[in-house]
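Can you read through this structure? Questions will come right after.
Chains: A, B, C, D, E, F, G and H, in written order; residue numbering restarts at 1 for each.
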Amino acid sequence: GFASLDHQRLHRSGFTEVVYCAGKTPEQSAIILERLALRGECNVLGTRADQAVYDLLRTKVDDAEYESLSRTIVIRRGAQKSVGQVLVVAAGTSDLPVAEEAAITAEVMGNHVERIYDVGVAGLHRLLRQVDALRSAQVIVAVAGMEGALVSVVTGLVDKPVIAVPTSVGYGAQLNGVTPLLAMLTSCVPGMAVVNIDNGFGAGYMASMINQMGSPA
Amino acid sequence: GFASLDHQRLHRSGFTEVVYCAGKTPEQSAIILERLALRGECNVLGTRADQAVYDLLRTKVDDAEYESLSRTIVIRRGAQKSVGQVLVVAAGTSDLPVAEEAAITAEVMGNHVERIYDVGVAGLHRLLRQVDALRSAQVIVAVAGMEGALVSVVTGLVDKPVIAVPTSVGYGAQLNGVTPLLAMLTSCVPGMAVVNIDNGFGAGYMASMINQMGSPA
Amino acid sequence: GFASLDHQRLHRSGFTEVVYCAGKTPEQSAIILERLALRGECNVLGTRADQAVYDLLRTKVDDAEYESLSRTIVIRRGAQKSVGQVLVVAAGTSDLPVAEEAAITAEVMGNHVERIYDVGVAGLHRLLRQVDALRSAQVIVAVAGMEGALVSVVTGLVDKPVIAVPTSVGYGAQLNGVTPLLAMLTSCVPGMAVVNIDNGFGAGYMASMINQMGSPA
Amino acid sequence: GFASLDHQRLHRSGFTEVVYCAGKTPEQSAIILERLALRGECNVLGTRADQAVYDLLRTKVDDAEYESLSRTIVIRRGAQKSVGQVLVVAAGTSDLPVAEEAAITAEVMGNHVERIYDVGVAGLHRLLRQVDALRSAQVIVAVAGMEGALVSVVTGLVDKPVIAVPTSVGYGAQLNGVTPLLAMLTSCVPGMAVVNIDNGFGAGYMASMINQMGSPA
Amino acid sequence: GFASLDHQRLHRSGFTEVVYCAGKTPEQSAIILERLALRGECNVLGTRADQAVYDLLRTKVDDAEYESLSRTIVIRRGAQKSVGQVLVVAAGTSDLPVAEEAAITAEVMGNHVERIYDVGVAGLHRLLRQVDALRSAQVIVAVAGMEGALVSVVTGLVDKPVIAVPTSVGYGAQLNGVTPLLAMLTSCVPGMAVVNIDNGFGAGYMASMINQMGSPA
Amino acid sequence: GFASLDHQRLHRSGFTEVVYCAGKTPEQSAIILERLALRGECNVLGTRADQAVYDLLRTKVDDAEYESLSRTIVIRRGAQKSVGQVLVVAAGTSDLPVAEEAAITAEVMGNHVERIYDVGVAGLHRLLRQVDALRSAQVIVAVAGMEGALVSVVTGLVDKPVIAVPTSVGYGAQLNGVTPLLAMLTSCVPGMAVVNIDNGFGAGYMASMINQMGSPA
Amino acid sequence: GFASLDHQRLHRSGFTEVVYCAGKTPEQSAIILERLALRGECNVLGTRADQAVYDLLRTKVDDAEYESLSRTIVIRRGAQKSVGQVLVVAAGTSDLPVAEEAAITAEVMGNHVERIYDVGVAGLHRLLRQVDALRSAQVIVAVAGMEGALVSVVTGLVDKPVIAVPTSVGYGAQLNGVTPLLAMLTSCVPGMAVVNIDNGFGAGYMASMINQMGSPA
Amino acid sequence: GFASLDHQRLHRSGFTEVVYCAGKTPEQSAIILERLALRGECNVLGTRADQAVYDLLRTKVDDAEYESLSRTIVIRRGAQKSVGQVLVVAAGTSDLPVAEEAAITAEVMGNHVERIYDVGVAGLHRLLRQVDALRSAQVIVAVAGMEGALVSVVTGLVDKPVIAVPTSVGYGAQLNGVTPLLAMLTSCVPGMAVVNIDNGFGAGYMASMINQMGSPA
């Protein structure tokens, strides 16, 4: 068959396999999502899904939800929880799709999520106003395109782990996100680690793992 | 002066400023390390230090310790603790300097540290033998050079967060660590985030932050 | 003329020239494929062909076959054989077009081909279940996108040559396949060699040459 | 001959040709510096000079000065002035050689220069303490290695032009300064332009040109 | 909300926040532009705007202007001025969109702007004819694609600061502007600094800051 | 105006300015081409022109010719000549657009041009059959995509200068022509120099200059 | 301990673990080599070894052999065989260290090895003279630096699999072997696969696996 | 043996094989040079040779000459000639080793050579003073490091073919010569082709081939 689902994943890592719809036909994605939903043990998540996947899926799973900004599909199953606090911080309006992918991933995995958006370092006072909010999170996902300086500044202000997500927002020497990726990796501030460009999903997943350590259900 | 120490750091982030000796004269490094030791509040750590820094420092701080494999200097001050469990896994013998930098950083910051070395995927049974040990850690630092495949495999076997450290071990297309760095960033396994090439310090620091969340002293 | 066919190829290398349709007009591709079919000595293969080439060709060669997933055209001519065993292993569903290009190339060249798909290292047990199947092949084509770790793991489990094919599946730091390409080239496991990104054809061709050594018709 | 001095330069651009000693033998550098000093019209500057150049030069020009940290040679000639204010800000101790090359270049060209060093964003309060000083400059040279975030933050705090200088301080993904170079070029804050990696000379020269517009002698 | 406007910017840096429309929906861009226009204190500028943004905006702000070559939106508010002289020089016809973005930015910010276009070094006499014009500017914005040699030549001819803008005009080894970017950064002529590829806005903004120093209103 | 034609070019370099239509509107291209045709002194050439430019131009210059494979426009004016011999060799069918741009450029500039196409090194006998033809040329333009090995082999077989043109034909590690570009630059065979990727025009122009030295009209 | 030997390797893949001495202290390398020799089951191979490793090892294993050109250490143990035929072809004299590493690896693993050296394409007749020798091999290892064109030409002349090894021989745009690596990966000739830059060991190992299929002992 | 000399080369291309000493032991280089000298048919050239090669060679060939700046060895044999005119132009003093390698290569191959050095575009009048000299050459070799703008300017001033040689002179974004290499390849001026970074030999050889066409002995 075209897919060999990893049914041990829920057992092994606390969450079922997440469906990356980008490389699949709508039919393939819908079949896999439906199959996971039928098991009914925990929430089901599809990322990088377009409307076509959702339309097809809805004919079979009528309570599936679609969030178009982040292009995620969610099917709620099993016990719902919302523990601890994951904070998603984003530098600019254009970074929102990635930030929302992170936020939704963390929520679906049972974490309480807060958001602070459009606080890039060009107007630093906007960020400094939020220091107390930053410090009250258990773990922070910091999302930024262009040169990504927000991440260094945020990490320097808190004593909790930061997951940095470079985005492809920008042009020219921004190299589709390679520049903030490299910048975040070489940050002068410790207490941060980095995921792939535009990988809101990976950041939300990692943040969930960390947050749940400090906040056992 | 040449250095403006960040004395708020201990207060803000739970650990004092760590001295990166690579870009400084031995004199500068020794002066800063001594000054931090005199405050006496918490352990002092110097990284990328060569013997010359240590020799100079010893004339002033006689209980300073030097670990030559990882090139770290440690001065023990304040309360010593060893909570939770950080596990450092390394693929090959050549990755040990980086792995040890991570392990020592985590120990100095008050974490209990375990080590599993030379378990690259070329002989997978060596790693599979260690699955129980992998699963008993709170957070894992996974260190690998060459193509870095160890990190994906380890992350797939556990349900705890993994901090990945690519090393510059290898030649040719390994591009001084750029190859495993990129590979780790694009891993098909979620639950991992990446630090800079050879940055054992950054990984140990991040692991400490995560471990202490799950294991408050 | 626009094409100067290499008619010595069959004689010299055991298989006629394969038509790379990507850089040609549908007319050019169809004419060359027809010309090769008319010689009738051995199977004819066209790669990277779209539907337009096939439609045009069918008006002239009515037993031409088109396989749309891998975008290959096959015209069966001469003696058909199926010797030895080439195994094609692929990491994820999105790698199938490349995997199928390899499988069809090897089949058309007279090899017996087996397939194992969707066994990425994220769920390692799926691969470990297949160890006996892996070990029964004469030569393995291992196809993987993202970071390509599957290839190192597979090569470490067998004692037969592995041809590695990186794919462009992934985003961001995956750099359209450059990342798994570099990773495979710097693998810590010997017994493997690498072809170009998404080059299923080249891998199937190389596997055929090797398989036929161990399995002379 | 090996050198064809640009004697119109003083006339054309307000300052004589500066000698880049890196690509020359000590003999060549010393001869050119002496020849410029003999004209006596304005200060003479040599950059990237090592001790050997200076030792040779001193046998001929006994009031030549050598500043070893920045590796510059200065011979004071003509009217000395010190107008306006160029502020050189540097992120860390290791950036000082580059920062000093900028500062000395600007001083030699007749500008009043202030310095603020070791104010990287890891300890942001150190920089925020200096906001009034930052705002009192006519033009700022901002020097940073690692990810270079200091430059975005500084530019966001002032209303004067900023010349950004990325340095090669760091390792791994810092790529010998390419990372902060790209980061500075894609900064989200306008009002800044960038010179080559480690090019303190170019930054000091550009700052001088700007400062002298606002502060005609 | 999706946007957190930096209202201190006008106060801090002399010009209000400029709207980068590329990463926003037309609705978002239009709302922000309108909001800024309502404050009425100074000119409002939107860059990288397409016709859709303008059409939407015109329903609310009927004196908004659209310049399609440079894709800028201007809403004139507050006192209009035109001080000093910013000169925009461009190498070829294809560089005009970027050159005009720089020119309009500088005009909107209150500077007198001159233009000299299509004077690439292939026909050097065209540039040499303009030496007097070049020398009468306060600050020059030099725009060039292909290899960008124009910038070095212009900088060598004047005694005023030059802001260099590489463009993505060209193909192959031009690498979408990376080549002239690198070339300008390593120019053998001092007195120049560089902004991002195709960043006419950043160059115009920087030129304005410099020009206003030498030409206080 | 938008264009400042270099009317000294014919005088200075023996051929009038060639119009690169890629970066211009059809109107701009047509106006410039017409203007050059009106001077009537020598042939007029437009490169990278699409049908729209030609259609517009034909309404004004009715003897303009369009060659769609190479996307060139030619207007014949002045004395026509055809001296010496430029040989254009191409590796595969997909390289023909670039090869033809070179051939037409050389013809329009007054050179006798021969062509040998589809002689890639995969079937070396096809090339070896042509050795006499290769040796009878005055100068060779060698065009190849993929890895570009044809160029080294051709250069090793002749005693005349070879102009190498890498093309963007291929995929994956071919990097849109960067790979054969680098390969040609590092060829182990002397007697060759390289132009930009896909730059048939530049190669034809250079070949013309060389050919005319050995074959004065 | 510092090393966890993979004792299943001989069983699993037909040859014991090979010691990569580059990343180890001489002591570590010598201990591991000695330990493997004591098992006595099959030949022991150390690569990238310098004289210091050998000198130390000789004190313990007095029949160890050192081949300084390729920097390999061999300890002969178990049954010696020499089956089939692996042919190592190298382009130039400077490629010999890599070519010899491949040849010795294949010999140590029990293959009959032939060598043809200094047959780069600059003087093609030297290679064409060897066509019969090329065609009599079971598998070819083709080693080349600079642009690596030899590999395409050799592969086009034979009907056996070719393992290509790019070397770092060359300068400038050769990029330490990246250029021939990319060139080999994008070769227009099928029937070849590529190993890492300078990886003679990997090529010899892969060739051995293939050769032994066609030549079972 | 280690070397298989290409004795047909003189016959085929008009000059015997040139010895690239960089990748050979002094013994190997000296033996090959001596062997070529013994044939006595034409001049013998060794490039990238250090003093050790020369000292060894002198014990056997006592009229061998060594030029240390360009690191070339010359042994004069056969008829000496000096036809036409090759002009070598260099931007700065640091480019002289490369420029001299080109000049000596062309001289040894029988061409009359002129030199114009230190005429970079920073002081354009120095170059413009030389326009008549530039125009009297048959072919020009233009050598430049940093951003390489000299080459575009020179090519725009003449009607003869220009061979461009980028050098590794510079730092940071100059990327060891990659920047001027790319810049020269994308120059807006036709009539130029490019050789590898620092490849004075290749440029002199190519210039010789062209010059001899226009100036048959």
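Observations
In the analysis below, contacts are C-beta pairs under 8 Å (C-beta built on N, C-alpha and C of every residue); 3 or more make two chains touch, one makes a residue touch a chain.
Please read these numbers as outputs of a predicted model, since none were measured by experiment.
Compared on C-beta pairs in contact, G-H and F-H come out with F-H as the pair having more.
Seen from the Cα centre of chain A, the chain whose own Cα centre is farthest off is H.
More than half of the contact pairs at E-H come back, by residue number, in B-C, the repeat among B-G, B-C or A-E. One inter-chain figure worth recording: chain D and chain G are separated by 51 Å, centre to centre, where each centre is the mean of the chain's CA atoms. Between the Cα centres of chain A and chain B there is a gap of 26 Å. Spacing of chain C relative to chain F, judged by their CA centroids, is 36 angstrom. Touching of two or more other chains is recorded for residues 92, 122-123, 157, 172-174, 178, 181, 185-186, 196-197 of chain D. Contact annotation for chain pairs lists A-B, A-C, A-D, A-E, B-C, B-D, B-G, C-F, C-G, D-E, D-H, E-F, E-H, F-G, F-H, G-H, with touch applied as defined.
Listed in rising order, the residues of chain A touching chain E in the complex are 92-94, 96, 117-119, 122-123, 125-126, 145, 169, 171-174. Those residues of chain C whose C-beta lies close enough to touch chain F in the complex are 1-4, 6, 8-9, 17, 20, 22-24, 28, 168, 176-178, 181, 196-199. The touching residues of chain E, when paired with chain H in their complex, are 91-92, 120-124, 146-149, 152-153, 156-157, 170, 172-175, 178-180, 182-189. Of all residues in chain C, those touching chain G in their complex are 12-14, 18, 138-139, 157-161, 163-164, 181, 185-186, 190-197, 201-203, 205-206, 209-210, 213-214.
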